[in-house]
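Next come two complexes built around chain A: one with chain B, the other with chain C.
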Partner chain A sequence: MAHVNAKPLGGKILTPSVILMLFVAGAGIYFLFVRYIYGIGAVSNLSNYMPWGIWKVINVIVGAALVCGGYACAFTVYLFNQGHYHRYVRPALLISLLGYSFAGFSLFYDVGRYWGLFNFLIPKYWQGNSVLFEVGLCVMTYIGVLSLEIAPAIIEKFSHVEGRLRVVLDKLYAFLDRFLFLIISLGILLPTMHQSGLGGLAVVMGQKISPLWQSPLISLHHLISCMAMGYGCVIVTEMLVSHDYKETQHMEILSQLAKVMFMIMFVFLVLRMSEVLRSGAMALAFKGNLDSISFWTEMLLMVGGLWCVRNDQVRMKPNNIFLGSCLIMAAGSLYRLNVYIIGFHPVPGVTYFPSVPELSISLGMVCLQLIFFIMIIKTFPIIAKERR
Partner chain B sequence: MKTTNRRQFFKRMALAGVGVMAAPLLSAKSAVAMKLRPRHDEDVGMLYDATKCIGCRSCEVACKKANGMPFEYDPQGIWDAPIDLSDKTLTIVKLYTGDQEQSFIKRQCMHCVDPACVSGCPTSALIKQDNGVVTWNIDACVGCRYCQMGCPFNIPKYEFDAQYGRIRKCEMCANNGLLDKGQTACSNACPTGAIAFGIQQDLIKTAKSRIRKNPGTYFQDKIYGELDSGGTGVLYMAGVPFDKLGLPDLPEYSSARISEGIQHTIYQNMVAPIVIYIGLAIAAFRNIRKSHKKTEE
Partner chain C sequence: MAGNRRMVLNKPMNRRDFMKLSATTAAVLGLSTAVVPDLCQAFAKKEKPAVIWLHFQECTGCTESLLRSTEPDVADLILNIISLEYHETLFAASGHQIEDNLVRAMERYRNKYVLVVEGSIPTKAGGNYCTISGQTAASILKKTATNAAAIIAIGSCAAWGGIPSAGPNPTGAQGVLTTLNAMQIEKPVINVPGCPPNPHNFLSTVVHYLMYGVPTLDSQNRPKFAYGTLIHDQCERRAHFDSGRFANAFGDEGHRKGYCLYKLGCKGPSTYGNCPEQGFNAEKRWPVSIGHPCFGCIEKGVGFTKPLFEVSDMVTTATPPQVYPRPVEPGNKKISPLATGIAGAVLGSVVTAVATKTISLKNSEDDTHEDD
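Up next is the complex of A and B:
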C-alpha cells in the first residue's frame, strides 16, 4: 500500500485560467515595483495605528495556515501510521513548500528594511524573547525541510538520466529515504512551533486586540485550527486535481480525512467558545458593530463547515466534504483576520481597509503561487493516478 | 483489523491532543506567577506634571531641534503644527477639554520598565539600556513594525513615505548626546518645571511629596506609570482622569510578561522541543519501517 504511483499530469500549461491568473499576477508585480521605488506608504493604506495589513495577515499568517496540508499529512501518515493516506502527501507537501516560500517572499515586500531579514541569521541580533524571531527562524528552517521532503519527486523526474549523475541521484535518493524519519519529524515539530507562534504573536499586543479573540490560549487556538485547515486543504486539492474520488474506495479514504478535520475543528470550536465565555467577552458579540458581525460570521462558517461533514453518511457525498472543507478553511482564515485586523483596536475609531494596489499585490502573489503549482504538477510526478 | 487500526488512530490522536492542550494551560499560569521586572536604581526617566504645564510647547520645539526632526506645517505653511506623534514628531503637547475640566498632556515614548516593543523586536533593534532608556538601532531593524503592534501606547512610528523607512521614537536624548550630559532637550526647555528629568526612584518620591502637599489636586492621587503596564520610566501626574488624556487603563503587568512567560515555559533550554523531536523521530522511524515491511509482504 505505501507505494504510491505518482505521475506528471501532463497537458497544456497555458490554459485560459492560467492566462487570466498571469494578468492578475502581472498587475501585482507592477505595484511591487512601485512599492520598492516609492515605499510602502505609496501603495498601501497602512498607517502608524494599523501597521500590519493584508500583506502580513493574509499572505503570511493566513497563507501559512491554509497550506498546512504538508503538516497535517505528515502527522497522519507517519505518526499514526495511516499509510492509505500516503497518496495525499506529495501534493500537500508541494502546496506547503510553495505556500511557505511565498509567505517568506511576502515578508520581503511587507517589511520596510528587507535586507535586515538576514539579521535573523546573525547571532548578535538574535532575540530569544521575541515570538516573531522564533517564528521567522522556524519558517526558514521549515522551507528547507519541505524541500528535502519533496526532493524525491524531483529526483524521480530525472529517472531516465544515465552515467555519473544517475549514481549521484540514486545515492541522494537512498540517503533521503534512509533519513526520512528525521526529516519527517522535523516536518512535524517545526510547524507545531511556528503555527502556534503565529498566534503567540498576538499575546504581546495585549488589550489592543478585542477580548473576543485575545486570550492566553491564542497560540493553541491557532495551532488547532491550522490542522483542520490543513486537512481541508488536502481534501480540496485532491478533489480539484484528480477524479479518483468518484470511486467509492477513494471516497472512503477522503471521508475519513474529513472526519479527522471535523473532530479537530470541533475541538477548536469548543475551545474558542469556552474561552470567550470564560473571559466574559460574550457581551461584545452583541454590540452590533463590525467586531460582533465578524465574530458571528466566523462562528457561522465554522458551524456550517462542521455541519457539512457531521456524520459518516453525509461525508460520503463529494459535494459535502468539498463544501465543508472550504467553509472550514474560510472560518480559520477569517479567525486570523479577526485577530490581527478586524479585532485590532490600537485606539478607538481607527479603521483600515486595504488599497487597490495593496490588494493587487496580495492577489497577484496568490495567483503566481497557483500558476507555479499547476506548472509543477503537470511536469513532475506529484499526483497519484490509478487506473486511468 | 481495519477497525482496530482506526480506533487506535483516534485514540492516539486524542492523547496527542490532550498533551498539546495541557502545555499552554500550564504555561499561562506560570506566566502570571512569573516575577515582574523590577525598576532599577540607576534607571533614568522623566516626570510630567500636567497641572504645571502651560502648553507653551517649548519642549516640542527643543525636541525637534535636538533631534533634527522635520517640521509638519499647518495648511498655510507657516507654523510647525503636528496634530499627533508621527515619524516627524517625537513629542507633542495636546490639550484635552472636558465639560468642567481642561488639561494639557505631553506625549512621548514611556520608556517602559518592561517594554513590549523590546520584547517583540525580532532582531534586537530596540534595546532597553542599562540606564532604563529604550533605544533603537538602525542596522538591526527589519522594518517589520511588530514594535508598533506591541506597544500599548502606540509610540513607535514608521516612515511609511520613505523608500527605506525607519522607526522613529523618543530615545530620551540618548541618540543626540544630551543624555550623556545628564539632560534631555524637553526638560531643559520647560519654563515651568512641568517636566523633570532624573532617576526614576527619585522622581516617584518627588511626585509622592507633591501629592502629599497638594491634597485634592491630583486625579486619584495617582502617579500614572508607577505600576501601569508593569511600570514606565516616564511618569505622569494630572488633575483629570488619565484615560481622557490618552493614557489607557492597563493592568499592572506588561503584556511582555505573559508573552515571554509562555515562550520561556515552552522553550526553556529547548528541552521540550528536543524531547518531542526524539519522540517524533522514533514514532516516524517505526511507522516507516512497518509500512516498508507490509509492502514487502
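Up next is the complex of A and C:
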C-alpha cells in the first residue's frame, strides 16, 4: 500500500450538504433514543411475522452488499494481481469499513434483546449450525480485518509525530506491510463466506420467500451480485470524490472496472433468469401484483445497467459508466429488498411498510455514514492523487 | 436388491459397498467420519460375532422390514458382519435340525453370542400361548439369555409387549426386560422398540455394541442416539404447531397444506424416536410426512394403548392454546402517508442526484470533445 500516492483531500467539512445530512442524522438519533426508551414496538412497524424490516434489510444486508467495494477491489488487485487498480483500494476499503461498522451497529437497535448480543462473543454459547451465527461472526471478524487493512492510511496521517510513538507506529506499519497478504486473504475469504451466508439465511426461510427469488442457488446469487455492486460502488465513489477521471488514462482503468462489473452482473442475470425459468416461477411474474412489478423493476434496472456499460466504446464515456454503476447498484439493492421484504410472505395477509421513525433511523444512519466518509477522506490520505 | 442376490449367492462384499456400509453406519450413529476406518476394521474381523435370533409372539414384521432395508443392506449385516446362528425365518433348515443348531451354537459361543429377541413372551396359562419344539417362550428365553453376552430386544413386542400386550392382554404378554427381571437374570438388555423399528437403529445398535459395547441407554434401556429426542421436537411440521396451524380433519384445507397433525391425534409430543430424521423405506418417509399422525408405536403406554385419534399428552411442550394470535394486529399497521412521502422523497432525490450527475458528466464530456 505504501506505493499509493494518497493525500487528504482537505477543504471545508461543513458544506451545506453535510449540514443537511447532519439534520437527517439528528432526527435518526432522536428516534434511536425513543427506540431505546420505549422499545422497538413504539417506533417500528415490525412484527413477529415481519421481524426483518428496513433496518435489517437496508442498513445491514443492502448496506453490506453495497460496500463490497473493498472485497471486490481486494479480489481484483491482489488475487488477480492487477496492480493498476491499486488507487481504488483505499477508498473502497474505507467505504467497506464504514459500511460494515454501521451494519454491525444497526444490529444493536434492530435486535430486540441487544444486551444478549455479547453472548455471541463467548465461545461456549456458539451454535455452529446456525447460519446467522456464521454471518455474524464473519461480519464481526471482517470489521477487524478491514480496520487493519485501512490502518496504514491512519498511520501515514501521523507521519509528523516524533518520539516513542513514532517508533511504535513505524513498527506497526512495518508489521502491517509484512503481513498484509495474510490480512488481505482473510479480507477476501470472510466476505465470500458471509455474503453467501446471507443467501443461506434466505435458503432457511424456505417457502416464505416467493419462488421468483427463492432458489437453491440463492447463496450464489447473493455472492455474485454483491461483487458487481462492490465494483459499482467503487466506480461511483471515484467519480464523485475525484476529479482525475477526466484524464484518458484514468478513464481507461475505470472502464476496465466497469467491464468486470458488466461481466459479473451478466453472469448474475443469466443465473437469476435461468433459475426463474427452471423453477417454473415465471408465471408469478405476470400476476400484476407487487411481487411481479418489483421483479420486472429489478430486471429493468439490471438490464439498463448492463446496457449502459455494454462495450468498450460506450464504457469510455464517464456518464455511461456512472449511470450503469448506479443502475447495477440499484438492481442489486432491489434484489435484496425483494428477497427479504417485498417477496417475503411469512403468512398470507401480512404486509409491511416502515413507519416514519423507522425510516428516519435508517436514513439517519446512512447520512451519518456519509458524513464520516466525507470527514475521513478530507483529513486522512485515502484518495490517490495523480502526479501531473 | 443387489444385497438380496448376494444373500442368495453368498458372495463376499465388494470394497465399495463395504466402505459405504461403514460410512452409513457411522452416520446413523451420529459419529464423525473419523471412525469409519475403525468400523471397517471391526467389520473386517475374521471371527464374526455370533447372533441367535428368537421369535416369540410377533408378526415377523421386524425381520421383514430389516430384510427390505437398503443402504446399509442388512443382508450384508447378516452375511458379512455377524454370524447368524439361529433364525427361524431365514434358515433353510427346520425341525430338529435347526433346534440342534441352536443348542450347538449356545455351547460353542457360550457367553459370547448376542441374543436378539423379536416378539413378546406370554405368561398366562403357564406360557403355553407360544411354544416352539415343545418348549414355552419363557423357557427358551431363560435358556438362551443365561449364556448370552448381551440381549437386544427388537420391536415394541420384545421391548415392552407391543400389540400382544394390548388390552385386555389375553396371553399376559410382556417384554424381554420384564421377563428377565422376573427370572432374576441380569444381562445387558438393549431395547430397540418400534413397530417395526427403523432397521438403521437396529443395525447401529449392533455395530455400536460390537465396537464400543452397550450404547448409552435411557431409563427404558433404549439407545439414546436413536431414542433420545421427542419426535415432536424434530418434526418437520413443528413450525406449524408453534404457529397454531393445525389440520382439524383428514382432507381439510390444513391437512392438504401439510399443517400439524396434533389435533388428529398425533402422538409425536409423547413419543421418543428419530423417525423424522431417519425415515423408512430408503425414502426418508415416515407416517407424518405422508399425512398420518404418529401413533406412538415406540412408546409404552402410548402405542396400542391410547386410541388412535386421541389428542396426545404433552411431555415437554406446553399444551397448545385453543386460540392463537392471528397476524392481523401486529403485522398490518397502517401505512402512514408521511412514511410513504419520506420514502418517495428519498427515492426521488437519489434518482435526481444520479440523473443530474450523469447529465453533468455528459455535458463536460461533450465540452472536452468540443475543445478538441
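Here is the rule we use: the second predicted complex is superposed on the first by the 384 of 388 C-alpha atoms of A that agree within 3 Å, B and C clash if a C-alpha of one lies under 4 Å from a C-alpha of the other, contacts with A are read in each partner's own complex, and residues count from 1 in each chain.
Keep this in mind: a contact is a pair of C-beta atoms (placed from the backbone, for glycine too) under 8 Å apart; a residue touches a chain by one contact, two chains touch by 3 or more.
This is a predicted model, so every value here is computed, not measured.
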For this session: After aligning the two structures on chain A, examine chain B and chain C and state clash or fit.
Result: clash
Exercise. Just chain B (first), just chain C (second), both, or neither: which does A:S185 touch?
Worked result: first
Exercise. Is A:S47 in contact with chain B, with chain C, with both, or with neither (first, second, both, neither)?
Worked result: both
For this session: Considering only the touch criterion stated at the top, classify A:F105 as touching first (chain B), second (chain C), both, or neither.
Result: neither
Exercise. Is A:L240 touching the first partner chain B, the second partner chain C, both, or neither of them?
Worked result: second
Problem set entry | Which of chain B and chain C A:M193 touches, first, second, both or neither | first
Exercise. More residues of chain A are touched by which partner: chain B or chain C?
Worked result: B
For this session: Could you look at A:Y352 and tell me whether it touches chain B, chain C, both or neither (first, second, both, neither)?
Result: second
For this session: Pick one for A:N319: touches chain B only (first), chain C only (second), both, or neither.
Result: second
Seminar exercise, completed: chain A residues where the chain B and chain C footprints coincide 47-49, 346-347
Problem set entry | Residue numbers on chain A that touch chain B, as the complex places them | 1-3, 36-42, 44, 46-49, 51-52, 77-83, 107, 110-114, 116-117, 119-120, 124-134, 136, 180-182, 184-186, 188-189, 192-193, 196, 200-201, 203-208, 216-217, 219-220, 223-224, 256, 260, 263, 267, 271, 344, 346-347
For this session: Flag every residue of chain C that touches chain A in the complex, lowest number first.
Result: 243, 327-328, 330-333, 335-336, 338-340, 342-343, 346, 354, 357-359, 361-362, 364-365, 368
Seminar exercise, completed: Given the complex, residues on chain A that touch chain C span 45, 47-50, 239-240, 246, 317-319, 322-323, 326, 346-347, 349-356, 358-360, 363
For this session: Show which residues of chain B lie in contact with chain A when the two form their complex.
Result: 5-6, 9-10, 12-13, 16-17, 20-21, 24-25, 28, 31, 86-87, 116, 119-125, 140-146, 148-150, 152, 154, 157-166, 246, 248, 250-251, 255-256, 258-260, 262-264, 267, 273, 276-277, 280-281, 283-285, 287-288, 290-292, 294-295
